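Just below is one structure, and these are the notes that go with it.
Labels A, B, C and D are assigned to the chains in the order they are written; within every chain, residues are numbered from 1.
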């Protein structure tokens, strides 16, 4: 708050903001491929050094971005092909050292704010197994190998009086999952990416990220277990979109820096702080997209069961 | 859609956009006063001729704007003083030809989209009396004079397949109220007015207004009974806020017309169509503001009961 | 209120209460068959005369009961086979005189009371087409023949101040559908039928029926168009279940009439009025069952489209 | 499940079931008084020995029952007088060893099942202060002494895969409150007590209690801090109400034991397992009652602040 900056939670967009051409930004590697069948463009950004992390403004780790324009459209089976693609990418980031996994899925965000409700809505549609397996054994599902899935929706600080991280840390210490999957709505820089993009990373959640702007980290460092973050951009930061429009207007003028200009005229732009931009049909879109994401997690968790 | 324009549902802001000084815009009259006790600034815009209507882009009628900065703040009794002030202004716009009134309150908007949920949430907190009086008589409330209040939340076209106007017209024809009060979330031009302003007008609802952009009118002309519209601005149109920023940047340049510029570079700004800007705490704000508005209606309806 | 009676909204159960053997109750005909593939038992009760109507306590018409024990169980595609079976039975009751139909689906009940939320939840999952066809023509769906589907959730009288019938009548007069489908949660006599049974009838909705006890009829007579009622029993009336237990206790005693006994000891049983019995997992069950029912309607409406 | 028993979560009713007259049940002491002004009957049951606990089927501790018939009626300020009375009784049970308290309020139950939604709805209306005081100090509220209030709605096991006790234990260990207040919907024996009664006890939550039948204890023993339980009965167990009706029928017959009879005819009564009885207007009642209870907690927490 207070100051303006270009705001994006997508590593893909952070890379685009940097003028160094492909291959010349030290410590940052990019891999791309297109999945024809599912019509999904996958871009993997690997931040491999402190230098790269500093340039990108994001921690060291792997960021997989799936661009799936179809995701925003209605579809009878909620784009199962995208869910399957997501499941594969998710499994590649989950450590594979265990025959069976116990995974806690955390639905971050605020159910009452439509654009921030991705996490809670994803958690609503998960296939939860931990309590059944603990009570009746794997036989309950006719499996000899079975992942245990649990979930929590920690809610927002204004309603709980606690940091999300306090709640999650407590539950992790008590229930000892092998890994955490954290789902959250994100801010993109470009409206073209809204609701069409899934980012999966192995770096967890960092302060300042997400529509709700998290204050405390949820990472392997703080929790002691791998933390996979899954996010879909649903909003664009108001200051970012206005800044981009200003730059477009003065495109020829290489001197002009919209962020600096807005900072200098802070009072005129103060209204943009704590505002975000979202689409008018966000309720229907969030409902569909969260179903696609929860099915992605369900498919990943069912794999490896026998 | 398609084209850009300065978008505001507030007559107050439409007047501000016009450069003619106070008193010199024919067919438009403005009255202002400050209610010290309640700390509410009241501005009444009277559009009195076709000429005025054309200049303002709004139909002939009276538009009362209450600016109440306190409304956005938490308060134990939900700013009852503002509700009382609103009740008085509302009663002045309601025709007074009947000893008792039967009033149907319509909650427009989409409950699932936080910024558009004002109408449905207002309707949730109304004191509904029509069914009781019809069944048990006024004696049920120990009154000899009693207004009958009913309400409906028509829902959005994507879910009903019907225009809001079709549903409301049908219900009006069948239940024959003496007047309609229509509550809706509005778009403002300035973020400073968001959630701090109540507009009451006797002109009903017109195509293109509201967060959800109504397609068909709800007016005395179409329904045959007086239609009072009550609205609170909860969003700013994305194109409007960007256009304002562009103009601010080129303030000295009197030639520059941001709307024209955006129209000329439509593809660059296309993303702004169907987007709006809203605050991060919109869920808590809407809950409070709708309580203030519904109490305003409740107080107005209880007045005149004996 | 006031008096006790055996309460069931199922024609099937009303028939069972009558001691006359099969074939000997004049004016009431029963047909049964089992659909092996879908594991659904279908019983059709035809009430064909005033005499039969009086004996059954239900109006003249056709009542199709589908008993589908699987319906209460979780299932990945929400028992699509049951939905398909329901679609066939529904189409047989809908008049077939039109090449294309405009159908208004009414979701009765109270969304806030879990056991009464069937109607509203069914309406949430319908495929609504009326507004699209009216705006873009049938071409929007690549069809030359296309049913128009619209829907409304009228809400409960305590919140609207209006009878459901007033709202529905108004909307029917304004939008002129060819037929009405009315969905509601019902009361059964036996807990064994809860959430496992779908009743479809061509007699509409009558006063005293449904979990919420409707006060006014919604029938072809009152509305001028065919009215198909679809219901699923979700509760058992408290007085009915207690009466049945009393009779079971005194099974040998043919003189004992539990309803009469409870009437005589009204003060002792008064607490049972306005109470109902329901299962502990009713939230999950209602969610699943309403999906099955709404898919049944969707499939029926898509049939006949070309 | 499986067996029938008289089910009540109210110590007051458990005492009534025991035939020993007042004063002669060892280890159980009862105190009563009537608060004229608020029209609340207070009954305190002190279970003081293992013997008493066994006879009562409830753990050693103090159980305060407030019977407030007005609570079920609509009221403009949600019966603030009852909330104030509740606050006083609550403060007497909270240990008073600290100048300031940090209290975690847990809203048990299932938001999706109306009769079980008391806990979640109470938590919605609490005045949460912990995060503000931790960030800005007591000065934020102009206080030199300030209680810290936080809250959590742990959700149901079918959705989380975790026992409520696991989640609460984790959060308690991490955030270290001085005391826990646990709010839950209860089962009564008599419908006359539904929604008119508040029970406050210092014994926490025990397996088998609550509408949702908790499986694991939340007590000072398991958590290491005092646990106050606040409950309102919203349902009657189906088997209990039927058993009571059977006994009433055979009132003269001292040999007849309805529970035994139902056990002997288990298959005939099996349908009653996992069923409960509740009122038709439970949605409106729960909304009102939870407001009264949350205000009671708010008032208690504000006391002692300076």
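FYI, a residue touches a chain if its C-beta (ideal position, glycine included) is under 8 Å from a C-beta of that chain, and two chains touch if they have at least 3 such contacts.
Computed from a prediction, not measured in an experiment: that's the story for all the values here.
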item: Contacts common to subunit A and subunit B (chain labels); value: none
item: Centroid distance [mean C-alpha coordinates] between subunit D and subunit C, Å; value: 37
item: Centre-to-centre distance between subunit D and subunit A (centres being mean Cα positions), rounded to whole Å; value: 40
item: Mean-CA-position distance for subunit D and subunit B (Å); value: 43
item: Multi-chain contact residues (two or more partners), subunit D; value: 158
item: Topology of the chain contact graph, where touching chains are joined (line, ring, star, complete, other); value: ring
item: Interchain contacts, given as pairs of chains that touch; value: A-B, A-D, B-C, C-D
item: Touching residues (chain side subunit C, partner subunit D) in the complex; value: 110, 112-115, 158, 190-192, 211-213, 236, 238, 241-242, 245-246, 248-250, 261, 265, 268-269, 271-272, 274-284
item: Parts of subunit B lying in touch with subunit C, wherever the complex brings them together; value: 123-124, 128-132, 148-153, 155, 157-163, 166-167, 169-175
